[in-house]
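The next block holds one structure in the form of structure tokens; read it before the comments.
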Amino acid sequence: MTVTYSSKVANATFFGFHRLLLKWKGSIYKLLYREFIVFATLYTAISVLYRFFLTGSQKRFFEKLSIYCDKYAEQIPVTFVLGFYVTLVVNRWWNQFVNLPWPDRLMFLISSCVQGRDEYGRLLRRTLMRYVNLTSLLIFRSVSTAVYKRFPTVDHVVGAGFMTRYERKIFDDLKSPHLKYWVPFVWFGNLASKARKEGRIRDSVDLQTLLNEMNKYRSWCSLLFGYDWVGIPLVYTQVVTLAVYTFFFACLIGRQFLDTDQGYQGHDLDLYIPIFTLLQFFFYAGWLKVAEQLINPFGEDDDDFETNWCIDRNLQVSLLAVDEMHMNLPRMEKDIYWN
Amino acid sequence: MTVTYSSKVANATFFGFHRLLLKWKGSIYKLLYREFIVFATLYTAISVLYRFFLTGSQKRFFEKLSIYCDKYAEQIPVTFVLGFYVTLVVNRWWNQFVNLPWPDRLMFLISSCVQGRDEYGRLLRRTLMRYVNLTSLLIFRSVSTAVYKRFPTVDHVVGAGFMTRYERKIFDDLKSPHLKYWVPFVWFGNLASKARKEGRIRDSVDLQTLLNEMNKYRSWCSLLFGYDWVGIPLVYTQVVTLAVYTFFFACLIGRQFLDTDQGYQGHDLDLYIPIFTLLQFFFYAGWLKVAEQLINPFGEDDDDFETNWCIDRNLQVSLLAVDEMHMNLPRMEKDIYWN
Amino acid sequence: MTVTYSSKVANATFFGFHRLLLKWKGSIYKLLYREFIVFATLYTAISVLYRFFLTGSQKRFFEKLSIYCDKYAEQIPVTFVLGFYVTLVVNRWWNQFVNLPWPDRLMFLISSCVQGRDEYGRLLRRTLMRYVNLTSLLIFRSVSTAVYKRFPTVDHVVGAGFMTRYERKIFDDLKSPHLKYWVPFVWFGNLASKARKEGRIRDSVDLQTLLNEMNKYRSWCSLLFGYDWVGIPLVYTQVVTLAVYTFFFACLIGRQFLDTDQGYQGHDLDLYIPIFTLLQFFFYAGWLKVAEQLINPFGEDDDDFETNWCIDRNLQVSLLAVDEMHMNLPRMEKDIYWN
Amino acid sequence: MTVTYSSKVANATFFGFHRLLLKWKGSIYKLLYREFIVFATLYTAISVLYRFFLTGSQKRFFEKLSIYCDKYAEQIPVTFVLGFYVTLVVNRWWNQFVNLPWPDRLMFLISSCVQGRDEYGRLLRRTLMRYVNLTSLLIFRSVSTAVYKRFPTVDHVVGAGFMTRYERKIFDDLKSPHLKYWVPFVWFGNLASKARKEGRIRDSVDLQTLLNEMNKYRSWCSLLFGYDWVGIPLVYTQVVTLAVYTFFFACLIGRQFLDTDQGYQGHDLDLYIPIFTLLQFFFYAGWLKVAEQLINPFGEDDDDFETNWCIDRNLQVSLLAVDEMHMNLPRMEKDIYWN
Amino acid sequence: MTVTYSSKVANATFFGFHRLLLKWKGSIYKLLYREFIVFATLYTAISVLYRFFLTGSQKRFFEKLSIYCDKYAEQIPVTFVLGFYVTLVVNRWWNQFVNLPWPDRLMFLISSCVQGRDEYGRLLRRTLMRYVNLTSLLIFRSVSTAVYKRFPTVDHVVGAGFMTRYERKIFDDLKSPHLKYWVPFVWFGNLASKARKEGRIRDSVDLQTLLNEMNKYRSWCSLLFGYDWVGIPLVYTQVVTLAVYTFFFACLIGRQFLDTDQGYQGHDLDLYIPIFTLLQFFFYAGWLKVAEQLINPFGEDDDDFETNWCIDRNLQVSLLAVDEMHMNLPRMEKDIYWN
């Protein structure tokens, strides 16, 4: 379920964003607390080791090592690598959202262009609409783990009413080594063409508007599929992950408080708790978590798209619009500004 | 109300932007003065504490702490994190502006394609136009806090003349667990289709142009809804906020003027007022405020979109265009360049 | 008048861009020389003050202050803030250029789709074209200071032949508290629809192509209006301006040449003229000037769009195309590659 | 074959990306291990040379050289140059993916708009579809090395059934010094026009929808061609490569562990293995590899597009859709939500 | 002629990009060698001056100056300014490529929608096509120096067969103070409209598809014109050039090897050849050259678009497609997968 907080930030107020820091759901704390515990534990372990278990010369070596690590930790370009990478991930994520297929445009057209309030007319409109929903369901099944869990087999698709038994038979009989999510669209096109011949769709203009809209819908579907199929190249993700992990590894040793008596530069204070390093952990690991969460927005994270809800909403709404509401118009009345 | 200053910067003049620094409305000062006071007060409090209340050894500890904080404050990548984040927010904000639904395109088409200067024709055009305005109103209600305050219930929508009582009854009778802002568009489509049958819309070409335009309008509406529904992931906002707040927290301690007699490097001057730290507060906090203000442009900030004004303008103008102005053409005359 | 230099850089040659450094019109020198003089004067004044008027201890204080200022000047993230901001401004500026309304697409369509070489046909085509030009003029008047100066009142619009007296009367009679630049488009739509009824436009396909094109034109107009209405949020501009001004303020003191005898680090040379600081002034202030010049491209800067020229060109060309050139075809001949 | 890992990152989990670090296929290790071995060997060689073979004064010179190199290595702006360059490459790569020509939109239209279940009708639809596939094949041959290997001559194209012998003859007879991949589209247009005359395509609306869709397909094809033809300017790629190579060259000498007895600053520890430099090699060289892999996504890298698979899939699926499935509709039944 | 190297980088191989470093044509070496020689000569001259001609105290002064210059050279934000600027230039360059007008879409439509294999039909199609090519030629003449050299006067345009003498006369007779590249499009529209009346174009649907396509073509043309007319603001280019030149000026002095005996920090090594400074020259000047080369892609650089070739190709191909190939279809045969 997407975490919506826009109403909380409608106005820019006194320390406006601080309220967001107190949320738990979808928050940085919920996403990071496990990593944070691991990091803090390791840091403490090393600190304890250094303070209590190392001999004098080991301590001297560790101190040099620590300074060495600290020096290189600063040279790792975590900020830039993350900045460029997260920008890429966020853009892809938003494009996926924008290309979620909604059948609303098609249902308006089907409701107004496929004629006949008799049973055959209703059947036509409902079937066309069902094909549209079926296609997006087939796509969602291969894109979203949540949807796949709900519809693990085509039987479940049939059972949920998206496909009839007879359609399933024809679907299964089609021999193709490739994915067949495009099949309902061929049916849609052919059925619309048939309706045109039978006069249920008035003329080619109406028909082509429908087909064009269908093709738009298909493009959304296939774009989603494409985003899933061709992700950000693995190397890029690995480069970024390596950079961040290396940085934290270097911090574990390099940000230890060293014996103030040794007089190392910048090591004249022992706070025990490396407050700024822990905060840095939050920034960088949190930034990486943004990427982790958004790189596949069809999972079950707090912030992922609710595809199962979409599927239900689309079927319910679109059948309602093309059947019950078809030509069921409110009586026209003069509005209150008439003259 | 959006703060428009473009006429002030039409020409690049001598220190052209300095005039903008003197504005109050929508300015950085108005947005930040409260945070600034808090920051300055805390800084002063710590300064007073350090100068007058700490004992010698406490002072030495504080001085070490201050140097430690200052060192890490510089390592916090506020600039980049803010740069990438604000760029993202500004892009979303502008896209929302560009996708504000304006009924002008539809009103031109309805005025020229829906025939008949008799009462039925007027009723048709006004009703179609009303459905368009009604949809955007329904969307605005769920997107904008200002509009929601004005139209807290559907009764208010009916009262303002966007919906008739009879339409409301049908609207309420539709059983759907989902939002119903698409309903007026089904009516629009069906009514247009009916008008086509009755010959008020001449042919399918005219009809489909209308329906396509309606679908464009719907896409704007649903995109606005999408921007509200799926915001920038909470984690991202939290990461940025944490980074900025941590930076200022580190500055409170790290930018204190230390006892010049102690001979700390870079601490041989005591100005009492940390002028550059305060200016930095203005840059960074101001930059974050840009994000706060734009992340939800439908609130009541000085720079937010005037949705209530839009709603009124759209209804007034669109009814005028499709009713009074329909086929009310100025007499054609030869222009002054004729031959 | 836009400064066009693309022909000067057609080929990448030996130190190719150095020729651009010698231009005056629209150049950094012309834009900045006044600020530069102010900056240099202030710098000199401070320098003279320091060298000749301060007492010994005042000098010591000033030196510390200077080092302090210099240290913080380097911490001000002018580069990034400017980089992100100017990128934003340049994108907006280019989008405004791309959305300048040109009537060419409409004039081709009107010339080929509105029939009749008789006077009524000519009147029809000219009037339609005039409405198009009128709309963009109305928009330009509210967007561009240069156009507003030329057409301060609607009388000037009538006088220049964009509107007839009769149209003006109808225009004024329309009661609306809102801007009325959309009015000529309603006339356009209705007139086209009338022409369709009278057979001057052959069928709905021709009519709808015209209306769609008109709506595109309208979208350009309203986008221009939108860019003017909703600028970059004031806070953002203020943040950037503050950052740059603060930087230069810090430089005035921090980049003084200090007494080399005092042995301050990095202060063992006295050049009198701070050549690099002056060059930095040119970069940063020049970069900010880029933003100042482009933030409103409808002013009277050297690099602003020539809206008045556009208005004249559009009217002249479009009337020529739809009237004189209508069906005035060159005799078809075989070209030289025939067979 | 594209490396798909999106299902592995569906949910943001505990150290979510670490699993990706263990993949081999398409991974940074597979891509970089050879370069890494070379780099490590050179580093070791220099290290051995310094430690065992240089005389005392040679060592001192080497140490100075090393410090000199280290100082400049840090000044090379590898991060930024790579950041900007990789962003550019990734954008181009994704645009190429988005513009891969898929015939699905066309096959829906052909299946529903080209009438006749008789042999002539089938022949028409199959031939139209074949022309579409032929065009993309011709483009792919000049763009993708993998496809070119599979279809080195036009004979292979004929042999694979994309072109008939007779078509090939006409194709070869066309005299043009330029590429002829556009020829099948002229045939497509003319054949569709002929079908319109023979009544197989019902009217101009159906015909123009087909032709528009064909033109969209052609635009995708030519855009792919354009991306191949006009790459990122060679200079840019060279600049980036030079920067990265120089950086590593500087590291080879500058990151050596120097004799700790000499007391050079930051050289009081000898770890033998320059762990952070090796990790830096992985970041930067890995980042450059991202660019290398994506700059031409039609090669045979692990992450390149499977163009040969596309070609097969498109032919098989599109012939199936326009022939076997044409008007082969499942019987309409009431769905389970009927009333 | 564009330098195409994509086939060389199809696969990511061992040190994949190093092969690119050895190319000459369009390479950084070819573009930069003159500047490089100048830079190296000046550096050597200063070095010789310092080493052999200066007196002791002059040397001391020079050394201080050198350290001063070096310090400021590092403060000049060349990387960022170049990064942002080159990104802008590259985007514009690619958009110009994408908007190069290709007549292919129009020629498909004309070939299939303008009827008649008789001489009048051929004449019609060829003339329409010629008008299209003529327009882009007129645009190219004002945009591209190479094309302008080839067609310095309208006589050359007539001579090359793009315009007939009679057309030229009408063209010249049109009285307009503005550019007249739009004139052939008015002819195109009117001629198409005439063909529609004579039944050569079947109906308004076919006609409007043609006119829409023509308008798309026109938009490409005018966008190219716009890119030429309104370039990147001169100030921006000057700022970037100044920054880079200043940096190299500072390097000339600041990167000299100083007398190691004086014990300046970081100056304990004298290599004579400032290898890293020379490499930096290659990066930064090379990066700037990328911009110089792409800022006007219609010149005669190695990497510029081959507009003259385009013009020839477009005319040849488009006349072929609409004349010889019109309705000259290969016999339809069953493909090899039939059943």
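Order as written gives the chain letters A, B, C, D and E; numbering starts at 1 within each chain.
Operating definition for what follows: a residue touches a chain if its C-beta (ideal position, glycine included) is under 8 Å from a C-beta of that chain, and two chains touch if they have at least 3 such contacts.
Note that the structure is predicted; figures quoted are calculated from it, not measured.
Path length between chain A and chain C in the chain contact graph, taken as the least number of steps between touching chains: 2.
Residues touching across the chain A-chain B interface largely differ between the two copies, under half of the numbers being common to both.
Each chain gets a centre from the mean of its Cα atoms; for chain A and chain D, those two points are 24 Å apart. With centres set at the average Cα position, the gap from chain A to chain E is 38 Å. Shared contact sites, meaning residues of chain D that touch two or more other chains, fall at 31, 80, 83, 87, 203, 205, 289, 293.
Taken as a graph of touching chains, this assembly forms a single closed ring in which every chain touches exactly two others. Think of the chains as beads on a loop: from chain B toward chain C, the beads read B, C, E, D, A. Residues of chain A touching chain B in their complex: 2-7, 9-12, 14-18, 20-21, 23, 26-28, 31, 74, 79-80, 83, 86-87, 90, 97-98, 102, 104-105, 107-109, 111-113, 202-203, 205-206, 209, 213, 266, 268-269, 271, 276, 279-280, 282-283, 286-287, 289-290, 293-294, 303, 305, 313, 316-317, 320-321, 324-338.
Contact residues of chain C toward chain B in the complex are 31, 34-35, 38, 61, 64-65, 67-69, 71-72, 75-77, 80-81, 83-84, 87-88, 123-124, 126-127, 130, 144-145, 161, 164, 166-167, 170, 174, 176-178, 182-183, 185-194, 203-205, 207-208, 211-212, 214-215, 218-219, 222-223, 226, 228-239, 241-243, 245-246, 250, 288-289, 292-293, 295-296, 298-301, 304, 315, 319.
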